[in-house]
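Letters A, B and C mark the chains in the order given here, with residues in each chain numbered from 1 onward.
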């Protein structure tokens, strides 16, 4: 029955199929339109502004490299912001990898029926505005705050002055970006088939050897995504330095913001943003090109 | 088989996870404490608790507007993003088409992008188009970031969906719409539901995008930030705690509904 | 109980098996139990595995064979009983410290390593220098009949049969005293499976190692093994040579595990062994200790058509309901009243018979199997 129907309907259906677009592209098109208008177009605008005359709004009407010249001028100290942001992003990645790995491992292999609950506990802070959470740390570390007050109450001299230092900024970044390392990492560890670990142990491998030879390489795609995510987010961090850091250092995102707001120098801000985007997307595209997303998300 | 070193490792992992969790919730607790302190300034140990700042916050007309704005934006973002992301996820994980690999990577880019920069870029773009930033533009900005996230959430569910089910339904004579309603949607429902929860909560708590793209309209995170940098008022931790609690309540109810529906289906 | 007493306990006596098998047990199980909560997955197993023997453990899913294997390989500890390897108690010795190796059902090949790296893994564990490692790996590849050019090949690009060989070579590289197999051939197509079964047996012969093979397929077990143990509900129902298991099953479970059988529940009456409908069967070879009630089992291949003029110890008249081709042989479903019988015959012996024909079927007493339950 079905066969008969198919054969009779096949020729017209086939021509219709070749005429129209594939179901995949059709389903993707709304998202693609959104990304085109909401992501690509703004980036093109930024790129266009980056080549406009400084402190003007003459986008598409002037072309100059002055903004980039100003940034790369050794007289200008804006490069220190780049250096700070990239160093902090790098430190965030390294420290978070160390902090998150045991937790990600535990969620997959040790917590059993509690694993779901533990991951909800780690997801939830994502839904609380980062400034609210960072502000909580201000209340914790500030003079007469929770730490200082508690230590004084216990008879100590009071808490250390950590607030408004570069260390506080790094701490804030670790705090805010932990889930972005944890979940991809956990996804990566979930990709390690149990049998392979059992087999390696059966063949005499020690715990360390199993980790180095089997678990780490197989979890690497997930770990790489986590590292990439946290690096990118860290490079664009601004709230941490504003709230916890008291502007003890200026991050690049903050420079961009200042150029756009107080300085009203959109072309300079755009040029800065363009450089940051180039660094970030270059890295992102490089790492993403190495990964097979079907395997990571589909766990096949 | 458990060796002693495995037991030791498990102990260490548990302690470490607990420690990190405490650190994650500590500032939220500090905020809650500060919001419930009587008086204008916060000092620990808290000498006297009171609900006066909660009361003042709830009464404030300004804050009611903020809540309305935040809710409105989150609702629209949820509806639109779930709709777009559902089809986006099918294209991501279900269909095999020519541009799929590229599309999978393109969709990740907004997620892998510093949000403050994205907000400013959108501001520039809206300006170039001659659009005045308002809560509507904030909705667009949220969508650019949230649709990819929701697409990923739903795509994970789509991967476990057996496409031969749709083929079987078509073979049994079902129309495209009928298959969607009777087969595809019910099976993908858990992913869609969690995607919707993600969309709402991420929009509700978003700060960097709203900061630059909402114009004169303010949202809760945006208002909190402006007060934080301007000087201390206990209304900041009070409103922050309320916002956190409502997010938690929503997540809890959403999760419970999900569990109840699944259970009812399994029993039926 | 100390180790000495544990080893002193005699396991199930084993009938003398194939000639080349040495008699010294390399692996010994005494009263081994594994309990999960209330459920005893393995409920008291006693077996000796002799040096150089190929033993298969067969059983349906849920019979406890996988749990047994995990205990043997060191991935679970027994709740009760003793597992000894060359006289040493190894109950709680973890997998990495046991001189045994498991070939997984999934094969568990490392997907990020090449064929060579997979095989060299256990050698790398032992810190063998790279050059020596490669030499040994190539030697093992020759042994499992893998071309040398595969050394640098991505293991995920190998075919199903090639992956089997890589897994085998890797297990041999570990140089274990005993190799365990968790039905590694189950995912292959029939033809390849048949070929590899024979190769595995050849490999067993060449290597002289002790093989313990777990499978749900009795057919597979029969082809390869010196001895077969049939598991049911956490216990070993019977262990013996394939010949013994086939011709002298100890109970109905073992007899039926081979496939479809014709069975008659009989009670001992004055006239002899009588079926429920009052027919008295001619029966021989009733095992000692069976009395009162028994089951007479006639395999389809020993049931035959009895043409007019010839005779059999027991005969039944019926009508052919349907016929099935088994290749060189035919199987017939014969209905006799309420009862359904299966008869197998060569195509020539049953020439011309087809559905609807009235036939007489029968068997000789010596061809039937009598079991107690």
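One rule holds in what follows: a residue touches a chain if its C-beta (ideal position, glycine included) is under 8 Å from a C-beta of that chain, and two chains touch if they have at least 3 such contacts.
This is a predicted model, so every value here is computed, not measured.
The interface with the greater number of C-beta contacts, when A-C is set against A-B, is A-B. Chain centres were defined as the mean of their Cα atoms; on that basis the chain farthest from chain A turns out to be C. Per-chain CA centroids place chain A at a distance of 54 Å from chain C. Distance between chain centres (mean CA atoms), chain A to chain B: 16 Å.
Each of the following residues of chain C touches two or more other chains: 74-75, 94-95. Within chain A, contacts with two or more other chains are made by no residue at all. For chain C in complex with chain A, the residues that touch the partner chain are 73-75, 94-98, 100-102, 104, 106, 108, 110-112, 121-122, 124-126, 170-171, 174. Across the complex, chain A meets chain C through its residues 193, 195-196, 198-206, 209, 213-214, 217-218. Listing the residues of chain B that touch chain A in their complex gives 5, 9-10, 12-14, 16-17, 20-21, 23-31, 33-34, 42-45, 83-85, 87-88, 90-100, 103-118, 120-125, 128, 140-141, 143-144, 147-148, 151-152, 155-156, 159-160, 171, 201-202, 204-208, 212, 220-221, 224-225, 228-229, 236-237, 240, 243-244, 247-248, 251, 255.
Taken together, the chain A residues at the contact with chain B in this complex read 2, 22-25, 27-28, 30-32, 34-35, 38-39, 41-43, 45-46, 49, 59, 99, 102-103, 105-106, 110-111, 118, 120-122, 124-137, 139-140, 144-146, 148-150, 153, 175, 178, 207, 228-229, 232-233, 235-239, 242-243, 253, 256-257, 260, 266, 269-270, 273, 276-277, 280-281, 284-285, 288-289, 293-294, 297-300.
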